[in-house]
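First subunit A sits with subunit B, and in the next complex the same chain sits with subunit C.
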Partner chain A sequence: MRTYVLGLITNRLGSSALTLLIVSFAVFFATAMLPGDTATILLGQAATPEAVAGLRAAMHLDEPAFLRFGRWLIGLLQGDLGTSYVNNLPVAQLIGARFVNTMRLAGIVTLFAVPLSLTLGITAAMFRGSVYDRIVTVLTIGIISVPEFMIATSAVLLFSVYLKWLPALSFTSDVTSFWQVLKIYAMPVFTLTFVVSAQMIRMTRAAVIDTINTPYVEAAILKGASRWRAVLLHALPNAVGPIANAIALSLSYLVGGVIIVETIFNYPGVAKLMVDGVSTRDLPLIQSCAIIFCVGYLALITFADIVAILANPRVR
Partner chain B sequence: MENLVEIRDLRVEATTDAGRRIEIIKGVDLDVAPGEIVALIGESGSGKTTIALTIMGYARPGCRISSGSITVAGKDMMTLSERQRAHVRGLEVSYVPQSAAAAFNPSKRIIDQVVEVTRIHRLMPLAQAREKAISLFRALSLPNPEEIGNRYPHQVSGGQLQRLAAAMALIADPKLVIFDEPTTALDVTTQIEVLRAFKAVMKKSGIAGVYVSHDLAVVAQIADRIVVLRGGDVQEVGSTADILSDAKHPYTRELLSAFEPKSRGESVVVAAREHAPLLKVNGLIAGYGPIQADGLPLVKAVQEASLSLERGRNLGIIGESGCGKSTLARSIAGILPASAGQLTLDGRELARSARQRSREQLRELQIVFQHADTSLNPAKTIEEILGRPLKFYHGMKGKVRDARIDALLDMVRLPKTLRSRTPAELSGGQKQRVNFARALAAEPKLIVCDEITSALDTVVAAAVIDLLKEMQRELSLSYIFISHDLSVVEAICDEIVVMYNGRKVEAITPAISKIPQHPYSKLLFSSVPKLDPGWLDGLERDPELVKTYVHG
Partner chain C sequence: MTTSTTLGRRVSYRFSWVGMIGFTIILFWAVIALLAPHIIPYPVGEIIDDDYFGPISSKLLLGSDYLGRDMFSRIIMGARYTVGISLAAVCLACFSGAALGMAAAVIGGWFDTLLSRLLDALNSIPSKLSGLVVAAAVGSSLPVLIIMLAVIYTPGAYRFARSLAVNVNTMDYITVARTRGEGIPYVVFSEILPNITGPLLADFGIRFVFIVLLLSGLSFLGLGVQPPYADWGALVHENIGGLPFGAPAVIVPSLAIASLTISVNLLIDNLPKKIRDRSA
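After this line comes the complex of A and B, so read on.
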């Protein structure tokens, strides 16, 4: 049985690796198809054709795309993310600090959003049909429907412009006290928690309701178990699989999808770096960012799958 | 002596999907004396489970106890708070569910669920509870009592789970145990072991019981008193002996008459039979899973089955769950193509897969499935459901088709007004009639009926069987009738094939001899409960045989 589980998990990891390869391929050729190239953009409109050709040759841009892809992939496997076309710095160095920022923001949001969503989702399921459930449902659906830039700009308007409690921009460099950290992170965290929680609340509620309606939960209630006991000990363990997947899907958004929030609050994260990279056709940078997002996404999904496998004694 | 349970004028309301409130229990009185076992008997929808659950102060979601009084051991369940009711549940009144397979939490070990009652009510230390559970496992004659609790529910068999559920109900020494159809999902040979275990434990401990069932014969073995219910009303109450021998109410008599032996009767058709068999099956092998090197599937559900059916005759196939009878039906119909063997219909070779059969062959051999609920498209009206085969096989259109649909509905004794309804608007028996009419629409020579009466109530099932016989007289059909229920098969079949573990073990012709020869057939036939209350106690089974063939 144990080997069977190990087999399942190896299988999941293997297919993740394959997905990653396909994605890297897609990303490379998608960026290669962008109109214009780095040489023309770097040298500006007034550049002579000779200068452009020279720069292309120097940057290996005149080589066939497959060769460049192979070169990049080999570098990637050795841990070398390449060199930025634009400022000749190693991409790893460019991304490094930004990546820490992104992960820090994602981590803080996770700390808030996951417990909040689980609590709201589970309690809404327990009191299904009650006024409480309806309020939670209306609010979550409302939040799903409102675009995040709307929430973010409204938050800025309220807390920075009118109330003047919080800074509108998040410069992480001039942090001196814990209080300042709180102030800087408050609004991005608040906005992102809103964005990612709604989905998790809905999915948790649905998964728990599914298991609450089973005969074994009824059997637990007929054993004299309180509602809390029946839900937490009997319904919830059987809902772990779908909930883990819902959480992973929502959190994966925090890795690459936060561009709007990063832009509005001027938060120095990876997503913003990638968008800057696109405007200068900085291929190594774009590719590295895309691969990082993909790895993050796959890691979360794979983790959720493994949790679901381990939570099911029929498979375990 | 004061009664343990006294229910007076109980009324329960249910809210329908449309938001309408309907009364499903209409003023029921019920008494249970200490140590007495009372059976609630009735068909589906009679409210027997609903009444039993109210004893625990519980109504299923969507239902509400609207009025009446429920007194359990001196406490009025109606006036107690939810917390106080929870204190009665499991401790004074406990519950054995219909399907233990569904009522055990799949993600927790069995022992943890069995002792949970003692944890909830803080009755005893964990080690002591475990010991008690093991002694109950032993009392319920479960194999390997020390170890079985450490497994997960999917790792033990259905019959064992049902006994484990009884142990779960008995762990806190309740005054009353509610059994909700606890053996309905089990095979007959397994049912006997479970019933015996229940009876022995209940008798020894002097616990009172409420036994909910639709099966009079099962109830006759275990109950002291029987309450007959229909449509949320009590029809008749009496001691087991009185009800069985001297039923007053017509409905009770109708239930009893379903047990009377019915003979096949019609031997006229047999005389007129032709020499060439209608269907011949030779060495059929079918199964599931990847195809192995020998060209056969990994799991062989049917192994080398050979059958022969003559025109106008009926063949019954019986066996317990997992014996391969449904797989056999599906491979005869070509839905699951056989991996080996020959099929001949009316002298012509029949391709193994339905895809390769000619339209004429498809028309001649129809199949009717067990669950009319899932085999009728819920989005189509009855008219569309019956019109489809008429167009497909006979190219009927317009008025001709309309007239034929009316004729078909008439044949299966359904009013023409049902034409524009959808399956959801019909009762279970009506749906099964539509399901059957759809097969008739093709004008087949042979209909394979896969457990078509199993999901129906006794009285309704008897009516469907009568319909089948009548259609046979009128349309000179042949049936292959697959069932786990011996009495149903005996009622309609000229020849009975007994299957065990994918193989045909014996063929019996009731007209010549009703006595089975093969040891498994003997065991199976003797396991069918009889109305005689002393049947279970008097039944003797060869332990060697039971060991070989019963895996529950």
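After this line comes the complex of A and C, so read on.
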């Protein structure tokens, strides 16, 4: 039985690796193969043909695409993320500290969002059809339907324009006290938690309702178990897999949300770096940031699938 | 669209009521987008007000933007870009996704496996990320935006259509059609498509919302619709400086987006079950 589970997990990891290969292929070709010659862009319109040809050779742009993809991929695997076009610094150095910042933001949001959504999602499922459930459903649909920047701007309007509790749209690096750190993180964390939780609550609720609808939970209720007991003890253990999936899928909304939130609050993270890179067309930087986000996303999904495999008593 | 059925009249009436509100708002924005050039009181590019981020007044119904242009006119014209681009993209995405999905379900075998593998992998790139990468590589002209949005949401449409079509594909009448010697195009369009139209339409609406949100997000980052054109997201982007003053120029375009997306969601959620879930 053990080898069977191991086999399933290896299978899952292998398919993730394959997906990652296709994804990096797509990212590379989107940036490297589409129109617009990199050497000409770098040197500007006034460059002599000789200079362009020289740079093309130096950057291996004259080689076949597959060779360049291979070279790029091997570089990535060795931790060489390339050199930024704009300021000639190694991309790894540009990303370094910002990566920690983004991870910290994502970590804090996860810490808030997961317990909040699990509580709301499970209780909403338990009291399905009640006023409480309807309010939760309407609110989450509302939040899902609006763009992330609207939640961010509403937060700014509420907390810094009307209530004047927090500074608006400014991320200063001179923090001296714990209180200031709290003030700085408050709005980005608040916005992201909103965006991510709405998804998570909906998916958790759906997952729990699916399990509650099964005959064995009905049997538990018929034999006299209380609603709490039937849901928490009977239904929930079987909902762990779907719930883990729901959490991972919703946390992936962090990627989209983080891009907006870092830009609007001027937070020094990878997403902000990437958005700035897009306006300067700094392709090596964009490729690396895109790969980082894709790896993060895939890691989450894969992890959730493995949890689901392990939580399923039928394969254990 | 929301036809009330005779069965369970009271319930279906209440459902349709919320759906009707959604439908009315969608219709409202569609009409606005179509008639935009005839409604606007001032040309969109013209500076009307001496003051920037002006308040709501009888002359400027929604105040003025960061250059003193009329916000009311700009939002009405913005409807054209938001609704138009999203609609074009969602049509492309759903058509190609559904066609490929049904074909994969009917053909099966290697074709199905390879295509599913490839599109699932593409689906695992977060949508905003693909948007950023494409915007960096090719810029963001209107045709590029439409094609990019369509490509990003094709894998999702494919997956949905395929899962529906796989169910229908096991039906006896499909076997009968095949035995009769019908070709794949006939099976796909005459036998499978009519049986999954309802859910596909609901998926069309949901995908439309996703596309509106992604387009607005990209425009908000300054990477979507470029000046001199402006969709609602771009309007928020250019007027973000008015946020500390609580200017209507920042708030109203956001509300416009929200009204459209929430209405579509309301309409889909309240479609009669017969349309939404008929999948077998």
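The rule is simple: the second predicted complex is superposed on the first by the 272 of 316 C-alpha atoms of A that agree within 3 Å, B and C clash if a C-alpha of one lies under 4 Å from a C-alpha of the other, contacts with A are read in each partner's own complex, and residues count from 1 in each chain.
Please note the rule applied: a contact is a pair of C-beta atoms (placed from the backbone, for glycine too) under 8 Å apart; a residue touches a chain by one contact, two chains touch by 3 or more.
Quick caveat: nothing in here was measured; it's all calculated off a predicted structure.
Of the two partner chains placed by the overlay, neither subunit B nor subunit C lies in contact with A:L55. Of the two partner chains, subunit C is the only one that A:S252 touches; subunit B does not reach it.
Contact with subunit B, but none with subunit C, is seen for A:N238 once the two complexes are overlaid on the shared chain. Ranked by how many residues of subunit A each touches, subunit B and subunit C are led by C. Contact residues on subunit A toward subunit C in their complex (touch as defined above): 18-19, 22-23, 26-27, 30-31, 34-36, 141-142, 144-150, 153-154, 156-157, 160-162, 168-169, 252, 255-256, 259-260, 263-264, 274-275, 277-279, 281-283, 286-287, 290, 293-294, 297-298, 301. Across the complex, subunit B is touched by residues 213-216, 218-226, 229, 234, 237-238, 311-314 of subunit A. Residues of subunit B that touch subunit A in their complex: 53, 56, 58, 60-61, 83, 86-91, 94-95, 97, 99, 102-108, 116-117, 120-121, 152, 154, 168. Taken in their complex, subunit C has these residues touching subunit A: 117-118, 120-122, 124-130, 132-138, 209, 213, 216-217, 220-223, 233, 236, 240, 243-246, 250-251, 254, 257-258, 261-262, 265, 269.
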